[in-house]
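Consider the two complexes below, in which chain A is the common component and chain B and chain C are the respective partners.
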Partner chain A sequence: MMKVTLRNLCKYFQQIKAVDGLNLEIAAGEFLALLGPSGCGKTTTLLTIAGFYKPDQGEIYFDEQLVNDLPPRLRNIGMVFQSYALYPHMNVLDNIAFPLKLQKVPKSEWKARAIEIAKLLEIADLLDRKPGQLSGGQQQRVALARALVRNPKLLLLDEPLSNLDAKLRIFMRAELKRLQKELGITTIFVTHDQIEAMTMADRIVVLREGRLQQVGTPDELYDSPANVFVASFIGTPPMNLLDAEIEVGKGDYRVKTSHFSFSLPKEIVAKIKYIPSHGVVLGIRPEDLIIGEGNIRGLVYVVEPLGRDELVTLEAGDMRLKALVPSRLRIGLNDKIEFSFSVERVHLFDKETGKSLYKEA
Partner chain B sequence: MAVSVFTGPSIFLITLFYFIPVLLTLLIAFTDMDRTLQWRFIGLDNFLRLFGVSSRDPFVPRIIRNTVIYVAGTLPLTIFGGLFLSILSMRLRRGMGLFFRSIFFIPRAIPPVVWGFLWAWSFEGTRYGLFNGIRSMLGLPVIHWLIKYPMVIVILANGFLGISLSMLVFSSAIASIPTDLTRAAEIDGATRWQTTRYIIIPLLKWPILTMTAWHLMSFVNSYVYIMLITGGGPYYRTEVWSLYAYHTAFNRYRYGYGASLTTILIVVNIVLLLVVLRTFGLRRMIGRGKIEV
Partner chain C sequence: MTKKTGAAFPYVLLVLVAAPFITMYVGFFLRAFGEGPQLGIFPERFGLSNFSFLWEPITWGLAETTIWVALANTILFASVSGAVVTVVCMLAGYAVSRIEFKGKNTFLVLQLFLHAVPGQILLIAIFFLLYYLHLLHKIPGIALARASLEIPLGVWMTKGFFDAIPWDVERAAMIDGCTRLQVWYKIFLPLVKPGVAAVFIWGFLFAWHDFIYVYTLLPGTAKLMSTLIQSLLATEVIDYGYLAAMSLLYMLPPLTLFVLLQRALLKVPIFGGKGI
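Right, the complex of A and B next:
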């Protein structure tokens, strides 16, 4: 188990700041997700930690050891690539044993260890096959076995699930999470899929254009997004974001949008750091909308059934809002309805900076 | 219908300039045609002479030895040299590697006569030759390169030509190996040499086999550069089979005997071709790319 520390990590490609001043501490045994849209610097960060890129500024520590200048082969890490990168000319056994053979481990031992890890990953019956004869899911397990066989101190996963079909992806999500906890190995994985990050990681790092947006547990990110970007990125369907203003009366904070207004409850007021003069962004999660009761009028624009729930898009004034409601409501297209939302669960952001107005976020 | 329209012209040309000459050669091989262009059938006499059964040709053993030495020298030089240079140049930065490869591609880009004379002139035995010029500037005596080491020089001249192609083919094959594979090897603890040895070279299996087969046949038949550099000499020391056939037919005007020498070459080529097709499989050879990933 190893702790990883990134201190002011910067990596530039000509003018582009791929990673810009990243500070991060990854605890021993932690399962950490680097999450962001494509081009946010998550893969660059991973490849820098692996040692393929040298940081332009800042330091990387493995425990207390500065590893900036350590080549990848001496970092004792395991890595699973998005493409799995299995050696096409070697069979599964030789693929898995390759790291051990390089260390000149005697044959009886490398064979035993490779078979042991293959059993753990349930691929022991595939040892004679070439990678080309394996399914995507099997290839992934082989890649994982090869990454784990020499007991690395750190495991890096680059979009490990993105090449699997939907059903297998959900299965492997749970398997990977279980395996990581069983082995207790510090793991960093890169994904653009917030569901993957939410379901698997102990903590999530949200990146955008090379800059850190927020670090936290899945719940923290979901319940207290630090800015509009995190709010819109985390959660499916994404949070409704509406332009609004806060009017301060005597002991009363009123949020006004173009179509409706409401008073902020006391617990929210207590959380607010400041009231910006240039307006705010009001965030309401789709599941916090209540349909059929309330004083806001709207029109049903479209209904998307999801089985257990239904995703309803409402038109209210010039706004469109998404609501996640139980399926039994039986709402039809163009129905005129009333709706409201849980005011104690709203989010407020500074319109100019996009940052949350709440203290703890 | 459409098939014959499209393939017709090339089938006609191949027949006219390839199959008919081969057939003519086969026929002439059984005659005693000479500079008078008069001929009569003499049956297997040419071949009997060639194989030393009757009135044997004293040069044949030497020509065979020369050809074997020549191919055994050029082929490894081409394959290992090309492999070495491509691996080396692919490690350089992009621009540097490109520059480096361009230089080694020059032999193939310039006309054969220029390349041939460049070598002949460089190793010229008087102080007007390039290397002897340098030697005399340093006060050293001239060396008669082309008399002392004629075979080495023709092997080098042809080897570098082979290298220029094999290096290009290997480089593009290396370039098509996904970065992830070499990165994975690095993560697994491989040094650069180990990555080359265990990942890159095995993945070049097909390009290496193709280039070996291609150059084997090419070198067995080659004579142009030898003719330009040494003319086969001094005294048959670099005379290979195809050059001997050429000299016999077009210098000594013994068309019949020259044709029989060529016939042997054709048979050797057909055998080689069959071996190559058998090893590679025609279907696989004309199939899709052979960098397996």
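Right, the complex of A and C next:
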């Protein structure tokens, strides 16, 4: 197990700052997700950790060793690529054993170790097939076996699930998580899919345009997003974000939107750092909306059944809000309804900077 | 009716254009296997007497040689040339495809420019170069010079093969513990195998039918097929049957190679050969 430290990591491509001043500590044995939309610098970060890109500034440490100038082959890492990148001219056994053969491990040993890891990943019956004869899921297991066979100190996964079909992806999510915990290898995992990051990772790093937005456990990111970007990126369906203003009265903080207003409960007021003069963004998670009771009037715009729940889009004034409600409500299109929300669970952000108004926990 | 005439027109035109060439080829085959006087392109009778060079010595100036010596020399010349083109291009092609270095684009443009320079212009310079390197009048030396003419385009060709290999495959190999050179021969060469074959054949063929380099730089010391056939033309009485038969033999190896490996060769743009 190995600790990885990034200190002020910067990587530029001409004028574009792909990674801009990233500071991160990845604990030994941790499963960390780098999450962000495409072009946010997550893959660049991964490739820089792997040693394919040289940082323009900053340092990468594996435990206490500075590895900026160490070529990838000497870093003792395993990596699974989005395309799996198996060697098409070798069969599965040779693919898995390739890193061992390069280390000049004797044949009896590399064979035994490759078969052992193949058994662990349940691909032992495919050993003499060529990659072209395998399904996507099997190829991914082979790629994983090849990455794990030489007991790397660090495992890097670049969108490893994005080429699998939906059912297999959900299955592999759990498998990968279990495997990582069993082997205890420090793992960095790149994804643009927040559900993947939420379900698998111990901690998530949210990146945007090369800059760190927030680091935290899935719960921390969900419950206390640091800014509007994280708030809108984490959670399905995404958080409702509405323009609002805060009016300070006698011991009373009122949040006013164009269609409704409400008083902030004391526990929220206590968390607020400051009140911006130029307005705020009010965030309400869809599951915090309560339909059928309350004093806000609205119209049902569309209903999307999800099985257990229904996703209802409400029109209230010039706003549209999404609500996640139990299916049995049986609401129809264009129904006039009343609704409210859990005021103690709202989020507030500075409209100009996008940053949360709440003090950090 | 008019529609049919219209549809037939391109075929008529193509047949008219092709007719002289087809006639020449048919005549060439008939001549090689014909004996006695000719009636137009048709010989009086057929036989194998034109192929007497296969079992009889051939006069070469004041000396004598056999077809087998010439054939062996030509194979040596073309193989060395093909091998040099293959090794140099496969290495250089990998470098320009995958490694960033200063002046890479200039280098690539220069290669195209070099390719545009006719090989004959370089003859005198190459003559002196080989002379000082003590390679003049030696088949491997001339093969080296011949290979250098195909390398510029070959580098572009092999760059194309390597460009088609995904970066992830190379990265995976480097993570697995490969040095750059190991990536090249353990992963990339096996993946571009048809390309390796194609580049070799391409280098082989251009050397095989080369005349001017062989004629200028190997004067009389080593007999190759192209210079042997030229010597038959340079006599006062030309035996066309004999010439056709020997030319047929000269055509056979490249033709066989091409038929056997045409699928690999189709991946290579065989354009703009030096044609010398």
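Keep in mind that, in the parts below, the second predicted complex is superposed on the first by the 360 of 361 C-alpha atoms of A that agree within 3 Å, B and C clash if a C-alpha of one lies under 4 Å from a C-alpha of the other, contacts with A are read in each partner's own complex, and residues count from 1 in each chain.
Basically, a contact is a pair of C-beta atoms (placed from the backbone, for glycine too) under 8 Å apart; a residue touches a chain by one contact, two chains touch by 3 or more.
Because the structure is a prediction, the values reported are computed rather than measured.
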item	value
Overlay on chain A: chain C relative to chain B, clash or fit	clash
A:Lys54 touches, of chain B and chain C: first, second, both or neither?	neither
Touched partner set for A:Gly132, first chain B, second chain C, both or neither	first
Chain B versus chain C as contact partner of A:Leu102, first or second or both or neither	both
Partner chain in contact with A:Ser83 - chain B first, chain C second, else both or neither	both
First (chain B), second (chain C), both or neither touched by A:Arg178	neither
Doubly contacted chain A residues - partners chain C and chain B	50, 52, 71-73, 77-79, 81-83, 85, 87-89, 98-99, 102-103, 146-147, 150
Complex contacts: residues of chain A adjacent to chain B	50, 52, 71-74, 77-79, 81-83, 85, 87-89, 98-99, 102-103, 132, 146-147, 150
Residue ranges of chain C in contact with chain A within the complex	166, 168-169, 171-179, 182, 187, 190-191
Footprint of chain A on chain B - complex, ascending	178, 180-181, 183-191, 194, 198-199, 202-203, 205, 292-293
Residues of chain A that touch chain C when the two form their complex	47, 50, 52, 71-73, 75, 77-79, 81-89, 98-99, 102-103, 143, 146-147, 150
